[in-house]
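Contents: one structure, followed by commentary.
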Amino acid sequence: MSTFYFIAFLSIFFSILVISAKNPVHSILYLILTFFTFTIHYILLNAQFLAIVNFIVYMGAILVLFLYTLMLINLNKESEPVKPFMVKVAGVFGGGILAVAVASSLKLIGASNPVLLQNPDLGLVKNLGKVLFNEFLLPFEVSSVLLLSAMVGAVLLATKEKEPKAA
Amino acid sequence: MDKYIWLIPILPLAGFVINGLGRNSLSKSVIGFIGSLIVLVSFGLSLAVFFQVKSTGVPINVNYFTWFAVGALKFPFAFLIDQLSAIMLLIITGVGFLIHLYSIGYMHDDEGFGKFFAYLNLFVFFMLLLVLGSNYLIMFIGWEGVGLCSYLLIGFWFTNPDYADAAKKAFVMNRIGDLGFLLGIFSIIYVFGSIQFAEIFPKAATMKSGAGPLLIITILLFIGACGKSAQLPLFTWLPDAMAGPTPVSALIHAATMVTAGIYMIARSNILYTLSPFTMELIAYIGLATALIAALIALTQTDIKKVLAYSTVSQLGYMFLGLGVGAYTGAFFHVLTHAFFKALLFLGAGSVIHAMSGEQDMRKMGALKGKIKTTFTTMMIGTVAIAGIPPFAGFFSKDEILAHAYAHSPIFWAVGVLTAMLTSFYMFRMMYLTFYGKFRGTHEQEHHLHESPPTMTIPLIVLAILSILGGFIGVPEVLHGHHELAHFLEPVFHKSNEILGEHHLSESLEYALMATSVVLAFAAMAYAYMKYAKNGSVPVADTEERPALTSLSYHKFYLDELYDFIVRKPLDWLSTFFYNVIDKLGIDGLVNGIGRGTIETSKGLRLLQTGNVGFYIFIMVLGIIAVLLYSVFGLTKI
Amino acid sequence: MTVSILLFLPIVAAVITALLKNGIAKHAALFFSVAQLVIALIFLSKFVPDASTQFVIDVPWISSYGIYFSAGIDGISMVLVLLTTVLVPLIILTTYQHQYKNEGAFYGLILFMQAGMLVVFTALDGFLFYVGWEAALIPIYFICALWGGENRIRITIKFFIYTFAGSLFMLVGIIYLYLQSPDKTFDIHNFYKMTLDVKHQSWVFWAFFLAFAIKMPLFPFHTWQPDTYTEAPSGGTMMLSGIMLKMGIYGVIRWMIPNAPLGFFHFQALAMILGVIGVVYASIIAFKQKDGKRLVAYSSIAHVGLIAAGIFAWNIAGVQGAMIQMLNHGINVVGMFFIWDIISRRLNTREIDQLGGIAKVAPRFAIGFLIILLGTVGLPLTNGFIGEFLLLKGVFDFSVQHYVNLVLAIIAGLTIIFGAVYMLRMYKNVMQGETNPLTATFADVSGTEKFTLCLICVLVIALGIYPQPILHISEAAVTQLVNQIGSKFTM
Amino acid sequence: MESLTNTMHAVPLNHYILLSTIIFAIGVMGVLIRRNAIVIFMSVELMLNSVNLLLTAFSVYRGDATGQVFVFFIMALAAAEVAVGLAIIVMIYRNTNSIDINVLNRLKW
Amino acid sequence: MNTIIIISVLPIVLLYLGLYKAQKALLPVTVIGLLAALACAICQWTAKDTAAPIYTGMLLFNNFSVVFSSVTIVSTILILLLSKGYFERISRHTAEYYAIILFSLAGIIVMVSFNNLVMLFIGIEIMSVSLYILAGIKKSDFASNEAALKYFLMGAFSTGFLLFGMALLYGSSGSFNMDAIREYVVNHPHIDPMFYTGIALLIVGLCFKVGAAPFHFWTPDVYEGAPTLITAFMSTVVKTAGFAAFLRLFSACFQPLSDFWTPILLVITIITLFIGNITALYQQSFKRMLAFSSISHAGYLLFAIVSLGAASGNSVFVYATAYSIASIIAFGGLILVQQQGGSDNFESFNGLGKRNPFLAFVLTVAMLSLAGIPLTAGFIGKFFMFSGAVSRYHIGLVIIAVINAIISIFYYFRVIIAMYFRADERAELTVPVYYKVVFALSALATILIGVYPDLIARFI
């Protein structure tokens, strides 16, 4: 039980570092750490498949992509102009109130049932695969459209090209 | 005879149409001929009708068609000829014919000759409609119609802006009265459910004296009469109306139209008899008008203005008569006044004609020998109006004064005073014009000439009528039979019954007559001394006058007063409403809403700063608001 | 034979006219409008003057909302159909001297507008009524904005937005009635049968009142009107003042009062007072107007105020007076604007103070002017009188019955004095007096102008001498309507 | 594995929700206070991940696998979004030599 | 279902065509493919509307879906017809552009026929991701870049909320399936507070997608910055789809809880109306004005959801159709003016009435329709919306809407005023045949629907 709270603390701690680090590269590194704590959460929840996917897709692919981009455009220094202090305060305040508002609207103050693992196999690849390829086959296939579109688009936008003759 | 009654008004209308359409194509003589002849034929028909009424004693009622109907209420186009309207018919067509005849000569050189006759015919038509109508609405058509003709004829020489103004003033002042009349009609419809005389009067006769509805009706109708018959406070248009050609002044502003108010009240006599308060009011107004107009007339220098104020004063007299219940007397005065005032105006026209258009008496004098017929006939008219027996004016005036005395000696006293003043200013006019030295230019002197026969014949006819006219109403005191009173008895029967005979002893009546006659002679003598003997002439406009004279000369500054309390404020209000309330206020508000929206737009679009951070911040605020609603709103659900 | 012929012919005519070339278009438009008049007269000859609705067409239109294309003519509609079909050819005639650029479009729009107005006057379905209402507005906006004066853009957009605003509120009112109606249709007879309580009727009343008050226009919703009338081309002004404002008045009679009688009676006094204030207020403003068209515009506000007051009095005299006065005001105001059109076309000015003495050089014109003027001030035996008489009588009866005694009637009656004041002042300054260099060369009317002017004058006098046939057309319908509402909700 | 799952047993669902909420809010704060587009984008990723965690917790709590499947789809989306987003950022950088969002204010008012 | 398949496969075909340089074939193939998709969609229409969910409850292709699929497909076809020669000016990769637009359309078809929140989510994301790309396809244009990044950042941000909301719904109801959620709402006396918060966050997410205030800020900037043709696509097809999804979700699942969410939407509607209309008033650019006007139309469309009822689907359909057609004309005109006049300010429309009477006429019809003047489709749409709102006694809301309709007249008429009443000496614009066809069809449809709305008003 205390493991959860420890990891939760780490998650929060690192995520705060993500948004407060001056150097974007540090941000990414903190983000990787945050995501790592998430992976631990998944494992705690016995969602093994997600833990793995999170590890591979997020930490492995997505964040590396971030890092790569950052390097590509050579922004790995503390060059970001900072927002005015008041804006920051307002931002933090806004975020804080948002959290409070969500929390209170969810009536989270009172006690609630603990999360019990009713089916230990729930998060296993086999089980999920069944659900995914039975019930969720259609969305799965349709997601391909999403990825395809993103792929085409990313290529389209990121490539340098010579302008055709001016319109 | 009943079958042809419609011809009486239609003939002049036909004359109007013919003369109007042919004003440029027909020759002047043809136009004059048609115009006059048509009225003459009407006169003939009127005579026939008159005698029929006289012999049978039964009013003629003819119904033509329903003019319009609304709900249960019908407004028939119908004529009623009783004793009252029969006499009026005679006055209108008779005097009308004479004046038409006169106009042929008077207007001969005017380029608007055809137009003039057309208007005159149209006037006769409307006037006939006024008296023929068997209900208030037809009367109102004529009422407004004569107002229109008056407007057209006063403004006949419209290129002169003053004349055009006078015309406008006449129309507007008449309209003020007309509003009263109109509201009176509505009240009558409301109270009696009809506008037919034949239905209203019997119903009214059963009502209590002094009943509220009657009071309102009579006052409203009286306002109408005030406008049309130039009573205080609506009389100022009449003197200005002298801007029109002189025959117009004679016909419209002396003999016929201005007496419409008296006709109307006489017609509705039963309503008034049952409304003593209104009667009292009429008497006071009439008396005040008579006195004030007479005072103004004392110092006027324009020959037509003198006559105009005299007309106002005489009309006041007639109202006094109505007010004290002397319906017959008032109507008698209408009749005689039609004769001598028409005569005087036509005579004045003849003078002006002779003087090549000059109207200022200060520029005249010593015309006695030059234009003899005119002088003689005018003198007859003057004597008649001054109330010197046995001329027409004496009898009618006397009857009114006798009733006034019976009502209240003070009325009588003021009446006699007015009569004295009348005598004075009329003779003043005569002496200034015909006696003394000639004060005009040589040019004018050279052109002095008597008018052509078409003009003098009407003068002579009217002069004869002015002499003899009084004898149809010789009172019993003077051993007469008062034919007129007997003839009109059916009309005023009810009223006379209610009012009762006035009881003055014979000796008292003689004394009253004697007093007024003596005073009239005295005034005449004074005028003679002052103007004929001493040859005194009113001072020129540039010179100072004594205060009282000046007050009279300037008509008690009534025009200025009206200007100050009515016209100026209205004009100011007009500008104020337009510039301040309409443009600044209402429109400003409307435009302000539009402008405000655009200003808001200017401000609101700045919200779109282009900064993503800001956008997201506002979004977050929105989300927080929604969530807060969820927190607090949920408690209610 | 149903009324649809009358409604669709002008649309077809509008399309055809719009496609024609300059020079032909105006003749075509005249031809079509006269044809329209003939058809209307045929309807009139077959019309039985009882309270029933005749020549009805009733076909489903938008079935999911219970909307029918439902129109017909009863006595009240007949008068207005006559008004429209008589005035449109007359207005086209008055514009004959103008050489509008893109003539086809101009006359096409006028004919299209006619269609819209006829729909308004015959509609028996709330939705159809609203559609016609707006369909008439669009063309007039374009007419004013395309062929208008200098400030036309600003002023016409204001006019459009203002009147559109009112009508949208009316739309809400109509929808509300529809949703309350028992069998969910927009049928007017269905609306009549409903009995909402005072509160809801008051809302409905205000929704309609705004639309109609702006359209008429009633004080204090009138400020768009003088500007628009002044800026619009004369044909547009005539369409606006001659026919279009009657849409508002008609709406009051047909839609506002019967649909929300309790609401109306609740605010009757207020409405009445607004009408009467309008009469005096606009008249007084008219005193000092310098621009002739603007003066006529204000006089129109005054007249309409009186008409409105007569209707608000809601008795037979008042409503019948309004009916006939609508027709007469249409003729007179078209005549007045025609007069000013002639003057401004010749002299390029409408400043009253710059004119004078025209009667001397143009006597025929002067006679025409005078006759129309007399009609406008309501002299007996001209058309204006009957209307004013009945209206004032209506107001009088109301004011006597409602414990204000004569006050309202007297104030409303001031119109006959004030009307004379400003009209005669205008006549004097324009026509009388001596000529000046500007007016000395004024050519008298001739040809088409003369013909048109004569036609107007004949109408002015003919309707003044014998108005009964017109009154007779609407009498039964008005009586039934007034009695029905009055008896159901006597207070 | 068994011990791990056991430790979790006592954690109330609310605490998971609270944790997700906090992380989500931190993501929002990040978006609000930073000007670097990439960092903002990362904050968004943080938000998405908090949702993932939430969904997983619900899924386990209810013993229903669909929540976890949904997470899978969210990851797919995230991948697609990152590809497109980074492409856009690169494109911007090419044109402006900056990825500061405050520079992007040509379009306004 | 075939519709989705066709529209998903079609872009791949196009990409291959692009690969083999068959540029000329792109547009015809696209249009034919879309027509086939349209035909498939229409075949699914049934008079009684008894379609059952398919694919284990993922999709429900009922009449609602048919109708909205059809209108979005038709709008897309019309917009693509305007693209003749448009993309070539931007770059050589025309095939990709068509492909991405079609991908986006595929997402939209999913959005209007979802029966599971997963499908809704995926549909929205396919659409959005494609749009992020499309907004930025003018790569060298700063405005386009800016639009893309703004849209992307804010879109991703809002997706977070959408997902959070969905997660909460799942947490409380235990399923993503709409039938299950409805079951939960109807049968549970005590609804978890989490569920309410979920609805609130879903409202936020969806309002962002449809551009309702205060989540509308991206709209003007993105619309202005994106290539005009893409803006046309966004403001018509995308907006229609957004509302269809919005309506579908709320009418299917949340109707019983309307006491909770109606006030939120009511306030949002009012703010949206005012922001959209008032801000549009002072714009100098026609394109930006259209962007704000699209916000205000979002406000009117929200009426259908605020006053949710049996007629809402039809109302949204008619309104969206009317709005789409009119917008297509407006954007088409804008493209021509922009390309040949060089500016998108109101001034560049000056004198158009004289130079290009046909163009001016159809633009006038479009503006009248947008302003909601009778005898145009826009009026019918507004009428349906107002009727719906009045039937729910939202009289105050309707009055506010009326005030806004009045304000809107002003800026729509500015175009008309510029075209007809302001003179300008510019060269006549050449209107390609494709454009003429689109304009004529759209104007005709606008008037036809305006005169006889029963044509389309009875499909749902």
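Every chain is named by a letter (A, B, C, D and E) in the order it is written, and numbering of its residues begins at 1.
To be clear about the criterion, contacts are C-beta pairs under 8 Å (C-beta built on N, C-alpha and C of every residue); 3 or more make two chains touch, one makes a residue touch a chain.
Predicted, not measured: the structure shown is a model, and the values here were computed from it.
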Please find the path from chain A to chain D through touching chains that uses the fewest steps, and give that number. 1
Which chains sit in contact with both members of the pair chain B and chain E? A, C, D
If you count the contact pairs for each chain pair, which pair has the most? A-D
Please indicate the chain closest to the centre of the assembly, with centres calculated from CA atoms only. C
Which chain has its C-alpha centroid at the greatest distance from the C-alpha centroid of chain C? A
Measuring centre to centre with C-alpha atoms, which chain is farthest from chain D? B
Starting from the mean Cα coordinates of chain B and chain C, work out the distance between those two points in Å. 36
Using Cα averages as centroids, what's the distance between chain C and chain E in whole Å? 43
Whole-Å distance, chain A centre to chain E centre, using C-alpha means? 30
Just the number, please: Cα centre separation of chain B and chain D in whole Å. 98
Touching two or more other chains, which residues of chain B qualify? 594, 605, 608, 610, 612-613, 616-617, 620-621, 623, 627, 630, 634
Please list all residues of chain D that touch 2 or more other chains. 17, 24, 27-28, 31-32, 35, 41, 61, 64, 66, 69, 73, 77, 80-81, 84, 87-89, 91, 101-102, 104, 106-108
Sequence positions of chain E contacting 2 or more other chains: 118, 122, 125, 129, 132-133, 136, 139-140, 148-150, 153, 157, 164, 168, 193-194, 196-197, 200, 220-221, 410
Contacting chain pairs - touch in the sense defined above: A-B, A-D, A-E, B-C, B-D, B-E, C-E, D-E
Touching chain D in the complex: which residues of chain E? 118, 121-122, 125, 129, 132-133, 136, 139-140, 142-143, 145-150, 152-153, 156-157, 159-160, 163-164, 166-168, 170-171, 174-176, 194, 220-222, 224-225
Using the touch definition up top, name the residues of chain D that touch chain B in the complex. 28, 31-32, 35, 101-102, 104-109
Touching chain C in the complex, chain B uses residues 65-71, 73, 140-141, 144-145, 148, 151, 155, 158-161, 164-165, 167-168, 171-172, 175-176, 178-179, 182-183, 186-187, 189-190, 216, 570-571, 573-575, 577-578, 581-582, 586-587, 590-591, 594
Under the touch definition given earlier, write down the residues of chain C that touch chain B in their complex. 158, 161-162, 220, 222-224, 281, 284-289, 316-317, 320-321, 357, 359-360, 374, 379-381, 385-386, 389-390, 392-393, 396-397, 400, 406, 409-410, 413-414, 416-417, 420-421, 424-425, 428, 431-434, 466-468, 471-472, 475, 479
The answer for chain A against chain D in the complex is residues 1-5, 8, 11-12, 15-16, 18-19, 24, 27-28, 31, 34-35, 38, 41-47, 49-50, 53-54, 57-58, 61-62, 65-66, 69-70, 72-73, 75, 80-83, 87-88, 90-92, 94-96, 98-99, 102-103, 106, 108, 110-120, 122-123, 127-128, 131-132, 135-136, 139-140, 143, 146-147, 149-151, 153-158, 160
